[in-house]
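Both of the next two complexes hold chain A, though its partner changes from chain B to chain C.
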Partner chain A sequence: MAPRPCALCQKAKAMVKRPKTGQQICRDCFFYVFETEVHNTIIQSKLFSPGDRVAIGASGGKDSTVLAYVMKTLNERYQYGLELFLLSIDEGITGYRDDSLETVKRNQQQYDMPLKILSYNELYGWTMDAIVSQVGRKNNCTFCGVFRRQALDRGAAMLNVDHIVTGHNADDIAETVLMNIMRGDIARLGRCTSICTQGEDTICRSKPFKYAYEKEIVMYAYFKKLDYFSTECIYSPDAYRGHARAFLKDLEAARPSAIIDIIHSGEAFEIKEEIKATQKVQQTCQRCGYMSSNALCKACTLLEGLERGMANSGITDRVRKKMEAEGPAPENLRNIPFFTQASGSPAIAVSVALDAT
Partner chain B sequence: MAASTHTPSTSAPATISLKIEFGGGLELLFGGARSHQVRIPAFVPLNNSTASASPAVIASFSSTTETPTSPTTLAASTTPTSPTTPITPATLVDTISGSRLKDHDGDKRTKAADVEYLIHYMRDWMLTERPELFMEAGTVRPGILVLINDTDWELEGEGECALKDGDEIVFISTLHGG
Partner chain C sequence: MSACENPNVDKDALMTRRQKFDGKTKICVKCKEIPGRIVIRYAVYCKSCFFPLIETRFRKSLEPSINVIPDGPRRKGLHAAGSLVIAFSGGIGSTALLDLVAKTYFAPRKEDLEKLKGGKEHPRNADKDVWKGRPAVCFVEVCGAFPGDRDRTEEIRAVVESYPGSPFEFVPLRLEDAFDPDWWSAIGRGDLPSAARSLGLDMSDEDLKLSPSPVEYTPLDALRVYLQSLPTQTAFFSAIQTLTRVLLLHTSASRCASHLVLGTSLTSLSVNLISGIAQGSGYTVSEETKEEWNPRVIDGLPVRVVRPLRDIGMKECAIWDWWSRLPVVGRSRRYIEGGGKNAIGALTRDFIFGLESDYPATVSTVARTCAKLTPKEGSDCTCVLCGRPVQHGVQEWKAQISIRAYEQASTAVSGNTRPPHLTEEEIEKLIQVPHDTPHSSLSLTPRLCYACHTTLTSRSSRGTATSIAKGKSVDDVPIPTWVRAAMYSFLPIHEIIAEDNDDEETSLGRIKMTRTDMKAQIADFLLPDE
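Now for the complex of A and B:
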């Protein structure tokens, strides 16, 4: 096939076909449009204010590695005035996370950003390896997901940041839309497409790659020769998401716009007020102070189950009731340290002053 | 290039040499080596049967910068000795029951070696585990990106892209967590 010129600059040889638009563009134009689209997403959603301290949730994988690189690039190019940090959660998975954290440590050097690593062991007293040895491989993703979410917020509070950005890409969000529809999870369907989620008193979390296709993120990493880690978690993968993902990839192969179309469908759903009214009100966990929709947050429930050797208690109501029937939690139970919100304002004032000079 | 049918003359260049690179964890399906040098026939069966191809992985390296310490021993250790290793029975089913018989039954139509053939060749002669994670419905599984000389294969005709001596083909899985 004869080489075609780039649809944008008309000069260089086209090297990438954009899945979103079908446009055939050269390497330099690809870098430019990819970065500019992320910039537009950030600006249109008003994600940041000058002086914000922003933690990049970094796993060492492709998405967060590209996110760190692009955030650094855009922060310098458009003078966002952000103070960027890398925040990694060490789940304690030997042969998986320990290797990927080495990648994050290299990223710390390459991108010259401070890095904070917070481990499950430090926060909960349990590594994923220990959890799996107690609960087996079937439900361990539930523990990991709940623990990671809270660990990221707590790590962010330790860094005293205003904002966490994560590498969730368009494919991830489309998958989540599909999963929430299939589960009839109206509450999550309503919020899973929002670019920024913020609980009552927690740190803002956002997804600058919301509209970035996975294909483009991987191409970007390849062309820029970014250093990332790619190995599947050694514990059982999230099987349900795996099916949604395979289905989505088949749809994409037939019609590349499918991913952005599904996100748009998710955004277009409007949740009726009377349905919203039936949803649980947010409160704070009476044991650890983290936001929760019950008296005890999910992490405390799971941790209590682990500590009492009834690890499935947080997963099914039936086992939860059985645990309650056995009496209240023992006094000497291991607890998650009480959650205190970062008091960001003084730090912001300082960095604004620095940026102004 | 479309499947042009022609009979190879005995004087035509018999083989082409290709560089294959893996990324995004796909190397785990190919014995962990990220970089491979292979030699395939310049003209191949139209039906992509690889049964008559002799395995010719010249060398495999775990990193792209690594130089082979001893190409001959590497070749010996990485070349499948026969298509009877544990993973191959499943993958060879269609080759043995269908394509190869057809081959012998006189379907001698050939085409210039293309990416589609290379994918079949990789499955039959290079893959070490879980072929279903590499190939689906005669092509790579959705979610695997292919670059030919650093260009998105979607711009090069995908499977129909004809290969020439010295081409570099990169396969990257996008399926691993980020």
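Now for the complex of A and C:
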């Protein structure tokens, strides 16, 4: 049987079946359409302005490795005029993060981008290993998620960047839409499909891979011979998210467009005005100055619980009430450094990857 | 540790299940006297308290939407603008619904009608019914979609006619009626013009072009060809649901019904919501719970689609049926809720049912969350296939997020953005827009909502439930009558006349358009003879 020609250029031999469209295309056309679709996403959403300092959230996994490569490629091809940085968070998980950070350091050398590694230990005084030893594995993802988000913002402020881009892909967003519906998290449901989220005083965060399928990201890394570190976190028994992920994979297998269809659904609806009116107004945390919907931000609440030996106070009402009954937080309690927005010049010197080892 | 436990699992990582019911005793939470016999959302109820509980929830969901002004005061009673149509599949939910409707609104009156003050024709007595006219119970037989499956119409009829006093009129429909011009005519929509009858759909690409087809099908064959031409199992079952829904809507409109009630339980509603979102119908997520459909006929009442069991779980419906000794004669859910295991509907059903056992609040959380959503922007047109609102810019969105041809991305294929592996000449050749053929101008795509367009075009390597028969192609597929009627109005008048002239010469078996049909089309542009 004669080789099937590429459905796009009609010239070369088709090498891949695109998970997103089902078309059989050649490798060069795959590179071109993958990169151009990311470029279209960036342009349509007006994500950047020339001269912007942009940090790429780099974990050493497939998404951020490909994101760093594609951002560098597009910045040069389309002359975005961006100053790119790599920003990595070290959660302090022995045997998991150590290896993936090596990938980030290699990317730093390959792409010639400055790298900043910020650790939970440096910022909160706790590593995830230490947190898990206190809270167990049941709720540790809550700590990690809250701490990582704030750590990225603080790392970005240290680098004095305007913007953080993360490697969240279409599968992640579709999964989040489903999760938020099933958990009834209406506030997150309203914003989880936005390509760019920006609080009143936080750094703009965006997801250029919003419409890129996870499988295509792997495909891109494979054909471009990009190396990355791929291991599930050893502390991730989030049963509920696991259910949602497995369900999404089943949907994708039944109809590959399901991922993009869920994102389209998420973009098509919004929360009713009368419901919006009942939601909490954003304020700043009294203790650390980070954005919060309560007097204390979630990270400070969780940290206080850890420091006072009642780690679940940020998770269950019963433990929170018990901690409140024991009186206010002691004055010598370890706190997160006060958050200050980027001020125009880098708050820290950017470390070179090799120095950071 | 028992022998079958996995010693490698860290117990701390497992989520413990909540106790099946709250409280320390099994006494009914309502009467606080009798031991409970059913647990509903962690609360225990006895048999005698269960029935009023369900009736109250049923009325609370239905009655605010009965009067012309919804959610208004109901002190002066319930008076609907039109008649009532009850959709009945014979399944667990619709069996409970029919029973609740019969017992709540159509139970035989205790007092003798003859003894009513002023007689039964007196306005005071005549006006006692909530809905006008005799309520209809509508059943859509879907066995046409599943060759070899038996027809259940008579079993359903027996159930409907078993109610004391025969309060309901039984209206049997068949899924293939969706392709039957005679049915279309019988519900008062008039004769389909010949140019509309002959339209065939090309499903081979995303444009979904319509062109005159030389093939004539019986309604049953048309249904089967249509379903077999769909690209996925998901599309197959989704199409059956859509056809059923639109058949019910048109039937309701033809009977001047103001309300169409469906037996969708809370569990089914959650499944439908998640399944709909997974198929791209997020824009119409609110229609899944509450919908008002405009039949677009002169003097036609808008049909309010209500799901009075939307706060009652499937388990409660099943208990209602069981304790009321009601026969459940409908098909198993594999037929009506997206049967094949590789269909999104069935996957969602299995997922939600599975979650319900580990996380029992999920079902109501899904429904409550979706009730807080509204479309981001308004719509000024409806989908010709499903009749629901169409969002603007659907095709532009699709083209932007995935490049399917270089001509689509012609603006990007310039300057430094050119594909580096192609020469200038090759690019020029690829971005040339092909010239339209004479009949290719009419496309279904712009008239479809996102979900329907995806149903007809999104492919999977697994294919559809049944493979298309040998010798059949997907470029000449029959379409439902309401789609033909709607698309007919977009046909250029010269094409209609020209095609009908061709008919005579080419003898393609199509019906010639009558002078009356033609005149009706151009009536507004004709001047009086004088």
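We take it that the second predicted complex is superposed on the first by the 340 of 357 C-alpha atoms of A that agree within 3 Å, B and C clash if a C-alpha of one lies under 4 Å from a C-alpha of the other, contacts with A are read in each partner's own complex, and residues count from 1 in each chain.
Definition applied: contacts are C-beta pairs under 8 Å (C-beta built on N, C-alpha and C of every residue); 3 or more make two chains touch, one makes a residue touch a chain.
Bear in mind the structure is a predicted one, so any value in this text is a computation, not a measurement.
S.K.: Based on the superposition on chain A, does the combination of chain B and chain C result in a clash or a fit?
M.R.: fit
S.K.: If you stack the two complexes on chain A, which partner ends up touching A:E122: first (chain B), second (chain C), both, or neither?
M.R.: neither
S.K.: Which chain, chain B or chain C, ends up touching more residues of chain A in the combined arrangement?
M.R.: Result: the larger residue contact count on chain A belongs to C.
S.K.: Classify the contacts of A:F269 with the two partner chains as first (chain B alone), second (chain C alone), both, or neither.
M.R.: second
S.K.: By the touch definition at the top of the document, which applies to A:G167: first (chain B), second (chain C), both, or neither?
M.R.: first
S.K.: Based on the superposed arrangement, let me know which partner A:V16 touches: chain B (first), chain C (second), both, or neither?
M.R.: The answer is first: A:V16 touches chain B but not chain C.
S.K.: Quick check: superposed on A, how many Å separate the nearest Cα atoms of chain B and chain C?
M.R.: Minimum over all C-alpha pairs: 7 Å.
S.K.: Starting from the residues of chain A touching chain B, keep only those that also touch chain C in the other complex, and list them.
M.R.: 250, 253
S.K.: Which stretch or stretches of chain A touch chain B in the complex?
M.R.: For chain A paired with chain B, touching residues are 1, 4, 13-17, 24, 59, 61-65, 167, 169, 214-215, 217-219, 222-223, 230-233, 245-246, 249-250, 252-253.
S.K.: Please give the residue numbers of chain A that touch chain C in the complex, ascending.
M.R.: The touching residues are 8-12, 20-23, 28-29, 32-33, 36-37, 39-41, 44, 77-78, 136-138, 177-178, 180-184, 186, 189, 211, 237, 239-240, 243, 247, 250-251, 253-258, 260-262, 264-272, 275.
S.K.: Report the residues of chain B in contact with chain A in the complex, numbered from low to high.
M.R.: Touching chain A: residues 1, 23-25, 28, 141-143, 145, 147, 150-152, 154-157, 161, 170, 172-178 of chain B.
S.K.: Touching chain A in the complex: which residues of chain C?
M.R.: Per the stated touch rule, the residues are 10, 12-15, 232-235, 273-274, 276-283, 285-286, 342-344, 347-348, 351, 354-355, 359, 362, 365-366, 368-370, 372-376, 391, 397, 400-406, 409, 412, 416-417, 419-422, 426, 430, 450-451, 454, 458-462.
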